[in-house]
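Lettered A, B, C, D, E, F, G and H in written order, each chain numbered from 1.
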Amino acid sequence: MNDPLVIAGRELRSRLITGTGKYSSPEAMRDAVVASGCELVTVAVGRIDLDSVEEAITDHLPEGVTLLPNTAGSATAEEAVRIARLARAGGLPDWIKLEVIPDPRWLLPDPVETLKAAAQLVGEGFTVLPYVLPDPVLQRKLEAVGCAAVMPLASPIGSGSGLKLRHTIEIMVEQAEVPVVVDAGLGAPSHAAEAMELGADAVLVNTAIARADDPAAMARAFRLGVEAGRTARLAGLIEERETAEPSSPLGGLAARP
Amino acid sequence: MTVTVNGRAQEAAPGETVETLLERLGLAARYALVERNGEPVERERYGATALEDGDTLVVARPVAGG
Amino acid sequence: MNDPLVIAGRELRSRLITGTGKYSSPEAMRDAVVASGCELVTVAVGRIDLDSVEEAITDHLPEGVTLLPNTAGSATAEEAVRIARLARAGGLPDWIKLEVIPDPRWLLPDPVETLKAAAQLVGEGFTVLPYVLPDPVLQRKLEAVGCAAVMPLASPIGSGSGLKLRHTIEIMVEQAEVPVVVDAGLGAPSHAAEAMELGADAVLVNTAIARADDPAAMARAFRLGVEAGRTARLAGLIEERETAEPSSPLGGLAARP
Amino acid sequence: MTVTVNGRAQEAAPGETVETLLERLGLAARYALVERNGEPVERERYGATALEDGDTLVVARPVAGG
Amino acid sequence: MNDPLVIAGRELRSRLITGTGKYSSPEAMRDAVVASGCELVTVAVGRIDLDSVEEAITDHLPEGVTLLPNTAGSATAEEAVRIARLARAGGLPDWIKLEVIPDPRWLLPDPVETLKAAAQLVGEGFTVLPYVLPDPVLQRKLEAVGCAAVMPLASPIGSGSGLKLRHTIEIMVEQAEVPVVVDAGLGAPSHAAEAMELGADAVLVNTAIARADDPAAMARAFRLGVEAGRTARLAGLIEERETAEPSSPLGGLAARP
Amino acid sequence: MNDPLVIAGRELRSRLITGTGKYSSPEAMRDAVVASGCELVTVAVGRIDLDSVEEAITDHLPEGVTLLPNTAGSATAEEAVRIARLARAGGLPDWIKLEVIPDPRWLLPDPVETLKAAAQLVGEGFTVLPYVLPDPVLQRKLEAVGCAAVMPLASPIGSGSGLKLRHTIEIMVEQAEVPVVVDAGLGAPSHAAEAMELGADAVLVNTAIARADDPAAMARAFRLGVEAGRTARLAGLIEERETAEPSSPLGGLAARP
Amino acid sequence: MTVTVNGRAQEAAPGETVETLLERLGLAARYALVERNGEPVERERYGATALEDGDTLVVARPVAGG
Amino acid sequence: MTVTVNGRAQEAAPGETVETLLERLGLAARYALVERNGEPVERERYGATALEDGDTLVVARPVAGG
């Protein structure tokens, strides 16, 4: 219903991307993905356990959604590149959510290794969407090496804390040459709406939906929140003002001079 | 001959390919991602890729993630 | 689509109430009211200028919306009661948005006069919705005299500053015995969604819609934001947490021990 | 006789009622709210309410507001 | 070292007022009061337990501090007036920190009863300092009945949450005709400094000092914070700005054109 | 009066570092430096204008302060290294505040070039204090190459916006192996106190002092704020809590059961 | 005679005053605040205030508070 | 001979050193920072560093900064 988002020449009607992690069941995941209306869903790549081969998560996804593989589990550029190559060779899309995360406590990305892997993967023909701390200078470097979008985190993964780093995300949006997708830490639809209102092009949500009491309903709520925020951005939000301004005439029944 | 799959030794018949191996392991080739001796194997070549004694394979696939 | 809001026994499908002030034209107002999907719209009561009788605002409202007259222009309980009586006698609904505002600079309500007028009007059979500073003790008193709802302000009227007084609104929601309608200061759909997520029963928006570049689109954005927030409230929002929690397995391609 | 409407003196014919006055003033009775000598007048009684010399009327209506 | 604060004609050199509650021992209280440098300390009034008569708290206070009795425990104007009268008759100062708190959960004051008690006590010659929710309209009424100061809460008593209601406190400061003393909820010296920077005349702190690991050190920290904030207020704080402004020349060694 | 700060084995009694830029006159700068009580002051390095040789800023500094040259004006690692070498060769201290800033609008540092220059300068025997965006992963890398401290920005230089990036600074403090000096964007003593309370080891302030109406008084205010925050950190701040907790007994004069 | 102090019955000798009662109760008059039959008693009048049979007293004092 | 100082050509006498040049330019050596042909010159060597025809010098010093 909104204006389409274009990443690497591809038009996306939905500005909400969802993850597939942390659901209580594959069915809950599928229902939430459907309710979210998203076209892109992220997946990780992991070793198959030969002793207990479960169904593939991909068997549970609705028709028409596109997989966005990530490089979760990579602490270095080399590991991330290895996962990206394996995913593509095995038939997954050549879009990659690049995450290089050395720190298991805060799950924050490594700017140097991420930039190195991004340059390598772009050179190999991948469409690269790097997960980054909101860093406007790093953003410029990632744009310069040819990334298709940048994915700054709002707050640590899974924290649900919202736009704790709003200030640097605003700067990124102001100077963006490729889409800015706010990723990680969005805990409520109001956070997603806020991100869209300040000019983000899209958001990625996982924990807040997967861990809700009713994931499908929460997915719908985020869809509405993203659409609300985008619509408001385009409709021209009012400026915040220090003082009050009446919405009703102050005269009431008194005679007006 | 013997190959290592995800860290475990596996007997393999002569002429075994990535594709036949996956079948024997009960892995639908669909979405199985294969790395052979550190190099990714193109899906189209699963059938054509004959294994050799001592090969080290990593078999992965998409899993839930954010 | 959401669960209905019930005020004084009346079911409302929309949890968004809009004002009719500050629009550039009656047509812009009408289009926005329609786009907002609201069922209640506020109007003020003012003297007719005998020298230039314009069309009545009510001629421009779409079918099916109900008027909620306010007592704007009242600085005392007496003035507010006078306006309420006049409105009802003249055929307007007996619901009244009670506002007693002595201060033209910040447009903040008078707790003592508001309570006095509320008791009087409830006694006369009005359905009273008082506009108040978020004050949980005053809320209890207004509930005790029989108000049908309380309407705490998020921030000064027209400021668009959002939930600057969130803390006391949260307390009001926690202890509410009648619906809490957050009124004034909501500048963006994310603010409206936030109010609904924290448990408000409805919101009233005027300036942020009327003064937007595209009021009808902004009205739609607020409708979505309110629905997003209410849906999320019912779907069970996750708790905010200090630390990170991964959405993807950390192992990647590494062998798991 | 003379009545005051919104602060201004108006001549009124004998037998003038709130309803006829509103018509003369070009005010559709619809949504005109009338206060007579400080007391609100019920809409149903606009026609039955005869004005008296010296009456003070306030005529109001809904206006844009928040 | 700062400019004196004047309340009801009395000059106070310290802009920090401390409470005497919640200390682990009378000695800890005494040391903290000394370290705080305050001249006014609040005390409550309570029944003596005839079965175990402890020492009076007043025996532990350092020389030179003045008692500011409060009306804690009052849920109505009547109870508050009773306590104030008893305190003064028994030889306590005729200054009274007026608190009328009907709600034991959030400990928020009752605006109507507080105003009623304030008018009564001012009429009886007391110097009245009412504890209130930040409500600029109520402030005007309290000033009108002759209160010597108003004491808005920053956040609920004992919460240590800081200036959660900053917005309405700023309005109170802007229009104040008698001193504004921010009371309750200040959890750290930065909160106290912030209150002074925005123009508060003084602050009252109890829990944050009494419950600190080292109350005397924390009392000193608050003294410094209050002095820092007041000094900054008088020295003229810079305006916050959206964008950056260099502190160093940008040229470096490059030739300047 | 506080515990000393140790950077690279050197003990500093003051935890406030000030800049020398943006003062209205050298005298105003000197008075503020004296009032601040700081031991380290930053200076930039610039070409001498042969046509108008002004007095050197260093002639105006009080006895006993140590210069901390910065690499302002550098957009690359190479330029920063060049300035550092020139400063040391010419007799300035071998401590260097490393700033590599490619972006003249937001004045944000380049993480990659900063890391590169830091490794180079540490190798050449400099004591390196890099100016960085709050990035906990970059912090680890800078520690690994031997930086003596890290200087994360609170908000853009000169903005006076305070701890807009508080969240990632908190993470840096939690995991720090070398001192964390919060630099840039602190606009008020309450901001400095807040930084110290959350565990920063020191702060650097320039614009907020130099541009104050009374720089010397503001310098003193920041000195007090830093001391307040550090003292509070050591004294054990209370935990923030959701609900209220009374400071006075609730019984009042009522009989206790 | 009998008086009630803080809710408890106390025997009192004839001629007992507020001051003597406080002493008997071991309460330094200093900072003892006294309410007699709902009315506060001025400190200066503790000595002059003779108790009467059936008097109800509340004795309070400053306690720790914020 | 001619040297370039901060981008401007300067005549220099034979035997001119960094130190004498600074004096001629009215620059107290104190805190003058000198780069010669891209290399920083150690303060101790200002006197011993003889200039050569075509040298390019950058002369800098501490300036106000944050």
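In this section, a contact is a pair of C-beta atoms (placed from the backbone, for glycine too) under 8 Å apart; a residue touches a chain by one contact, two chains touch by 3 or more.
Only a predicted model underlies this, so the values are computations on that prediction, with no experimental measurement involved.
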{"item": "Steps needed, at minimum, to go from chain D to chain F via contacts", "value": "2"}
{"item": "Common touching chains of chain G and chain F", "value": "E"}
{"item": "E-G or B-C - the one linked by more C-beta pairs in contact", "value": "E-G"}
{"item": "Distance between the centres, which are taken as Cα means, of chain G and chain A, whole angstrom", "value": "72"}
{"item": "CA centroid of chain D to CA centroid of chain H, Å", "value": "95"}
{"item": "Separation of mean Cα positions, chain D and chain C [Å, integer]", "value": "33"}
{"item": "Contacts with 2+ other chains: residues of chain H", "value": "6, 35, 58, 60, 63-66"}
{"item": "For chain A, residues that touch 2 or more chains besides their own", "value": "19, 21-22, 42, 44-47, 49, 70, 72, 82, 86, 105-106, 108, 157, 161, 206-207, 246-249, 253, 255"}
{"item": "Every chain pair meeting the contact rule", "value": "A-B, A-C, A-D, A-F, B-C, C-D, C-E, E-F, E-G, E-H, F-G, F-H"}
{"item": "Partner chain H, residues of chain E touching it in the complex", "value": "246-249, 253, 255"}
{"item": "Chain H residues touching chain F - in the complex, by the definition given at the top", "value": "5-6, 8, 25-28, 30-35, 40-43, 58-66"}
{"item": "List of chain E residues in touch with chain F within their complex", "value": "19, 21-22, 42, 44-47, 49, 70-74, 79, 82-83, 86, 104-108, 156-162, 187-191, 193-194, 197, 206-208, 210-215, 217-218, 220-225, 227-229, 231-232, 234-256"}
{"item": "Chain A residues within the chain F interface of the complex", "value": "102-103, 105-106, 108-112, 115, 133, 135-138, 140-141, 155, 161, 164-168, 171, 175"}
{"item": "Of all residues in chain D, those that touch chain A in their complex", "value": "6-7, 35, 58, 60, 63-66"}
